[in-house]
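One structure is given below, encoded as C-alpha cells.
Chains: A, B, C and D, in written order; residue numbering restarts at 1 for each.
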Amino acid sequence: MTEAFSGLGRRLRLGVVGGGPGSFIGPMHRAAATLDGRFEIVGAVLSSDPARGAAAAEALGLPAYPDLAAMLATARLDAVAIMTPNDSHFALCSAALEAGVHVVCDKPLTNSLAEAHALESLARARNLVFCLTHGYAAYPMVRQARAMVAAGLLGDLRAVQVEYLQAGMSQRVEDGPLTKKQKWKFDTSRSGPSLVLGDIGTHAEHLARFVTGRRLEQISADLGALVPNRKVDDWCSALLRYEGGLRGTLTASQALAGTENVITLRVYGERGHLSWQHAANNFLVWAPHGEAPRTLSRGGPGLLPPAARLTRIAPGHPEGLLEAFANLYRDTAEAIAARLTGVPPDPLALEFATAADGVAGLAFIAAARESSRQHGAWTDVPR
Amino acid sequence: MTEAFSGLGRRLRLGVVGGGPGSFIGPMHRAAATLDGRFEIVGAVLSSDPARGAAAAEALGLPAYPDLAAMLATARLDAVAIMTPNDSHFALCSAALEAGVHVVCDKPLTNSLAEAHALESLARARNLVFCLTHGYAAYPMVRQARAMVAAGLLGDLRAVQVEYLQAGMSQRVEDGPLTKKQKWKFDTSRSGPSLVLGDIGTHAEHLARFVTGRRLEQISADLGALVPNRKVDDWCSALLRYEGGLRGTLTASQALAGTENVITLRVYGERGHLSWQHAANNFLVWAPHGEAPRTLSRGGPGLLPPAARLTRIAPGHPEGLLEAFANLYRDTAEAIAARLTGVPPDPLALEFATAADGVAGLAFIAAARESSRQHGAWTDVPR
Amino acid sequence: MTEAFSGLGRRLRLGVVGGGPGSFIGPMHRAAATLDGRFEIVGAVLSSDPARGAAAAEALGLPAYPDLAAMLATARLDAVAIMTPNDSHFALCSAALEAGVHVVCDKPLTNSLAEAHALESLARARNLVFCLTHGYAAYPMVRQARAMVAAGLLGDLRAVQVEYLQAGMSQRVEDGPLTKKQKWKFDTSRSGPSLVLGDIGTHAEHLARFVTGRRLEQISADLGALVPNRKVDDWCSALLRYEGGLRGTLTASQALAGTENVITLRVYGERGHLSWQHAANNFLVWAPHGEAPRTLSRGGPGLLPPAARLTRIAPGHPEGLLEAFANLYRDTAEAIAARLTGVPPDPLALEFATAADGVAGLAFIAAARESSRQHGAWTDVPR
Amino acid sequence: MTEAFSGLGRRLRLGVVGGGPGSFIGPMHRAAATLDGRFEIVGAVLSSDPARGAAAAEALGLPAYPDLAAMLATARLDAVAIMTPNDSHFALCSAALEAGVHVVCDKPLTNSLAEAHALESLARARNLVFCLTHGYAAYPMVRQARAMVAAGLLGDLRAVQVEYLQAGMSQRVEDGPLTKKQKWKFDTSRSGPSLVLGDIGTHAEHLARFVTGRRLEQISADLGALVPNRKVDDWCSALLRYEGGLRGTLTASQALAGTENVITLRVYGERGHLSWQHAANNFLVWAPHGEAPRTLSRGGPGLLPPAARLTRIAPGHPEGLLEAFANLYRDTAEAIAARLTGVPPDPLALEFATAADGVAGLAFIAAARESSRQHGAWTDVPR
C-alpha cells in the first residue's frame, strides 16, 4: 500500500516456487509480495508436476516454469520465494544463491543444523539478501515490543513466556486416508526431525529471541506426542535460559483441541512487562511497574519508529497477517535495492529474520531434542 | 488473494479518481482493487492540479490523466473508482455512468437526497454496477451476522444498537490553521449538510440496516456539536424505528476524546443476540437465549456461506480492513463480469452496498436533521 | 471486613422488612449489613403473613415481628432496611422516619414523584439518614470514575452513555401462570408506572448522574414494550441533556435475550474518556486524549481516595456486588454514627444515594414518560 | 448468605489464630467464616504478644485469648482457623487436632513433607475435619471446570497449563528495612524451603490437580530467583507429568513486575479445552473441538451441580474471592455438622482441600526442589 520503488525505478523481479493449488501460504506470499508494488511476479513453479504447475500458473496469469533451474536460467530474477515442503528448502535455496539470486524462504530454514549453517554461509559469502518468513515478528506491535525492550523501558529483563498452540492435529488422523499435506507432515524424512518444532516451535523461539534480543543458551525440554500412538512430535514444553540470566518458558503444540492458532508473548523486566497475543495483533499491553497497564495500539499514541513505520492504515482500522507478511517483502525489497543502488538501507528495514535466524531455529530444535532425550537435562544450544 | 478472473479471461480495467498524496483511503482503494487480481489500474486522476496529479501517478507507476473526462475518453475503462471530497461525487459518478462505465464510489453517495436519487436512477437505467464503499459491511463476520439474522437464528427481531465513535474532532481546531482535508470537512458546502452523519453516521445506519434487513421508517434525533462553538455537527444520537416494529438506537460522533474508531453493532431477537465490534473484526459473539454465549470466528466452525466465502486465510490468522475493502472490489468485479459474460453472478456476490443504499443513507441524514430541528419529534424517513 | 465500630462502641441495631424466602435481594441486604460489623440485625418482618414471616426469621436465627409497626415499637432500632415491593416503600419509609429511625430502602424510592418528594422532605425534617440502595454506584471503580471526573481529569464533559440491559423479560410469560414476583411486577399499580424504568432505568440514570455530577435537565425518550402485546414497559431508549451542555444517551431494557445484566457507563470529556462495565467491575478503563488507554484496577496504582477507601482486599483479588452493597451499609453506619456522636463523618462516606436521588429518579421517570407520550419531544425533567 | 444451620440448630464455635492488625487474610477469614451464618467467632489469638492481641480482639468485639492452648482450654471450640506464618502451622494444627477440634488452616500446610504427613495422619486418626484454604479452587467456575472434566466433556485429557504470577517481589527490597511480613518471608526457616512454591506455587499445583483429578507423578523444574542476588526462590517454571499420560506446565513467580495476581488454568482434552482466569472468575471458557467457544458464567446456563450449588447471587452480578472463601467455611461447617449429627453430608460439600492435599503440595515442593538441584532431571513426586 506504499507504492514507491525505493529508488530503483522499477519493480523487482520475483519468482515463486511452491504454493500451488490448495496451498494456504501460496496466495499469502503472492499477495504480500505485490501489495506494496516493490515486486512483480515474473515466474512460477507451482507444482513438481510441470503440467499441473503450468495450468495453475495460467489460472493466475503467471509465466510458468517447470522447475527452479529453468526459471533461474531465463526469468532474470532478482529474487526467488520458496514455499515448498521443508526437505526441499536446502537444495532450492542453494541453487538460487549459487545463481546470485536473493531469497525469501519459509521456515524452518532446513531440516538439519548443518544444512542451515551451510545456507547461512553461502548467503553471506555471496552477499545476498535472505529473508526467512517469520511473519509474526513483522506485526507492528511485535516490533514495538522489541523496540521498547531495546529502549530499556522494561529495565533489566527477567523472564519471557512464549507459546504457540494449535488444534490441527488434536485428533488422531493417522489411521485414515491422509491428504497430500498430511502425508509429508507425518513423514519425518520430509517434515524434519520434530514436526511441532519445525512447524510452529521455531516461530515461538524466534518471537521470544527477536523481542528480547537475547541469545538462547540452554534448554530443558519435554518433547513428544499428546495423541496416543502418534509417531511425530505434537507437543513441546520447555524451560529456557538466555544470555544475561534471562529465564523463560516455551510451549508449542498442534494437538490442543479447541485452540485457534494461539500465539502469545509476554516479556517481564525489572520495570514492567509487555504482553502480546496474535488474536489481537493490533494491540500491545504495557504494564509499567507501579502504574496502570496501558493498551498501545497500532497507529496510536506512543509508538516507537519500528512500529510506526510499519503502520499502513489509520488507528482503529485493523490490519492482519497479510500486512505483516507484506512487511517482510517490502523490507526485503529495501535491502535488495540497497545492494543494487549502493544506497544504505533504512536500518529499521533490516529486522526481518535471515538465514542466521534459521540457524538459531535449527539449533533450538537440536537442543530441545537432545534435552528431551536426556530426560529434561539442561542442554546447551549450539551456536 | 484469490486470483481467478471469473471467466473473463482478463483483468478489468479500472481508473481511479482521487486518493492522491496524503490520502488514507487512496492506497486502500488501490491495494484492495488489485489484491485479488480482478482489476488492473490503468489510469489515475490523483489531483485537481494536473501537474501534481501526474507526478503522483508517476511515483506509483500509474498512467496519469488530467481529469475524469480525459480518462473516460481514452483509457478504455471498465470501471472507475471515485474517492474525492463528497461534493464532487455527483458530477463524477454521473459522468462515468453516462459514459457507460461501472462505478465504485466512496460514501456518502452525494450531499443531497435528490442527487442520490438521480444517480441511483441513472445507474439503473444504464444497467451499470454501482458499488458504494461501505467497507465495514464487507467483513466476513458482519456478513455472518446478516446471514444468521436472515436464517432466523435470532427469531423475531426486537432491537438493534449501533454506534460509530471517533476522536478525530474532539479538540477545537477551527481557530488554528487547517489542513487541506480539514478545510473541506469544515465547509458544509463541500462535506455536506451534516459532517458527522456524512462521514460516519451513514456507515452506522447502513450497518444496522444491512444486518437486520429492515427498512428504517422513523427517527428521533439529536444532532449538533459537542465541541463549543463548532459550526458543523460532530454528534448524533438517535432513536430508531424500523419496519416490523424493530426499535433501535444509533450514536455517531467524531468528538469523543480517547476513542479509536469504535464501531459496534448489537442485534437482539426473541431467541438471542449478536454482538460485533470493529476492534475484534474477526469475531462475532452469538448469545442464544438460555445458552452460554459463543464466540464465532472468521474461518472457524459454524460459519454460514456468506461469511465462509469471504474468508481468505486460515482461522486464527487475522484479516483486517484491507481484505474487507478487497471483498467489495472482488464482488464488484464478479457483478461486472456477469454483465459482460451473461453468466449470472453468485448471488452472494451481490451484498455490497449500491446507489440504492446511498439513497437510504441520504434519506436517513435528511430525516435526522428534520427531527433534530423539530426538537426530537419522530420523523418519517423518506423513501 | 473492616470491623471497627466508628466510635460508637456498639453495633447499630437494624430491622429488616422484606427479603423473605425466595428473595434474591434479602440475603444480599442481610450479608451486606453485617459484613463490616457495624450493624446487627435485631428484628425481621419477612412476610406479610406473620406466621410465614416468623418461620422464615426463625430459620435465619432472627427475632420475628408481625409488621414494621410492631418492630418499631419494641425493637429499639437505629435503622430499618426496606426491601419490599415498590408500592409499599412510601408507607414503610414514612412510618420509620416518623418513628425517628434511619432508613435504608431499595429503589425506586416510590411509585410517584409526589411521594418521593414527601419522603425526602420528611427525612430532611427529621434529620435522619436515608440510604437508597443504588448499589452499583458503590463499586470502588465507579467511585473512582466520579472522583476522576470531579478532579477534572477529563476536562470539560462532552457526553455520557449509560445502559442497563437484561434478558429476564425477553420471553412472553404473561400468558402462563405467573410467579409471585412476576405478579406484582406486571401489576403497574404495584410496580409503578414504568416497569423497566423503576426496575433498572433509575439505576442507569443514577449512575450517569452520580459519575458526571451533573443534573439531568431534558430528555427525549422512547418507552414501550419490545415483546408483542406486552402491557408494561420493557424498553426505554432516551437522549439526554444535562446542565452545562453535557449530552447523553440511556438505554434500559429487560427484554434483550442473551444479555446477562449488562451495565455499562462511558463518560467523555475534552481530555479523554472513562469506560466501566459491570461484568468487569474491578476495572476502569481511562483513555486520556493522545495517550494509550489505561486499565485501572481496584486496589491498583492511581486510585483516588474515594476508590481507595472502599478497597477491601488486595489488587488482583476480585470483589463483587456483595462488597459494593456492604459499602452502602458501612457508610450509612458512619453517617448514623456521626449523628449519634456529633463527630463529623468522613465526607467520602456520604456518597451513597439518598432520598434526594430517589426524587431525581422519579423525576426522570416522569419526564421520560411524558416525552414518549409527546412523540419524542424534548421534555424538561422536573425538580 | 445462606443462613441455615445445617440441622445443627446452632452456629459452630470458631476460634481464630493469627490475622491480626495489618493482615490481609485475617479479615477475609473472619468475614468468610460468618458470611453464611454457620460459624460464630468465639475466640481470637491475634498476636503472639498477648497485650497486642487483646487490644486487636477488643477492637473487633471478639473475646481474646493469649494463645491457642488457653483458647482450646476454655472456649469450647468446634473448630479453629489458623492463619499464622507457615512455620507455626504444624504445632498449632497438632494442638488443635489433639484437643479434638476441627481445623481450617492456611496453605502451605507445613514447611516439610514429614510434618505434612504427620498432620494428615493425625486428622485421620482423630476423625476430624481439616480444611486447607485453597480458596481459588472454591470459585464456582473452577468447580464447574472440575465437574466438566469429570463428566468427560473434554474426553481424554491431554495437557494442562497453570500459572500464578505476582509482582510483589519484583523489586529488590532485601537491602532496605523490611516489614514484619517481609522479615518472615525472607527467612526460609520460617517461610519454608521455597518461598515462591510455598506462597503461590502450591495454589497452582492444587488447582491443576483439583480440576484434572489426576495425581502428579513427575516434575522437571527450574527453581530460583529472578531478582539478582536474592536468597529465596521467586521463580519456578516446571514441566509436569500426571498419571495417565497427562502432560503439563506450571509457572509461578512473585517477581514479575506489572502483573496483578494473575492466575490462569487451561485444560485440554481430546474433545476440547477449558480456560479460566482469576481476573474474570465468574466466567469459564469452554471450547469444544469443532465448535465455537462458549463463555459459561456463574449462575448462567449449562452449570453442573458443583457450580450451581455455590452460586449465591443472580447471574450477571459478580461474586469475588470473599464468596469463594466463604464456600470453604460453609462446606467445612457441613462436614463438621455431618460428624456431629451423624447425617451424611452432601458429597458436593467435600471438595475443599484437606490435609491430604497439603501432603500433595509439600511433595510437589520437594520434587521440584530435587529436580532443580538435579539440573532439570525428571523427578518422581513422592507419595
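Going forward, a contact is a pair of C-beta atoms (placed from the backbone, for glycine too) under 8 Å apart; a residue touches a chain by one contact, two chains touch by 3 or more.
Values in this document were obtained by computation on a predicted structure and should not be read as measured data.
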{"item": "Each chain counted as touching chain A and chain B at once", "value": "C, D"}
{"item": "Farthest chain relative to chain C (centres taken as mean CA coordinates)", "value": "A"}
{"item": "For chain B paired with chain C, centre-to-centre distance based on mean C-alpha positions, whole Å", "value": "42"}
{"item": "Chain B and chain D, separation of their C-alpha mean positions in angstrom", "value": "54"}
{"item": "For chain C, residues that touch 2 or more chains besides their own", "value": "259, 293, 297, 300"}
{"item": "Partner chain D, residues of chain C touching it in the complex", "value": "1-5, 11, 24, 27-28, 30-31, 34-35, 37, 59-61, 166, 259-262, 278-282, 297, 300, 312-323"}
{"item": "Chain A partner contacts - residues on chain C that touch it in the complex", "value": "286, 290-297, 300-302"}
{"item": "Footprint of chain B on chain C - complex, ascending", "value": "154, 156, 158-159, 161, 167, 170-171, 220-222, 224, 226-228, 235, 237-239, 241, 245, 247-249, 251, 253, 255-259, 268-273, 287-289, 293, 371, 375-378"}
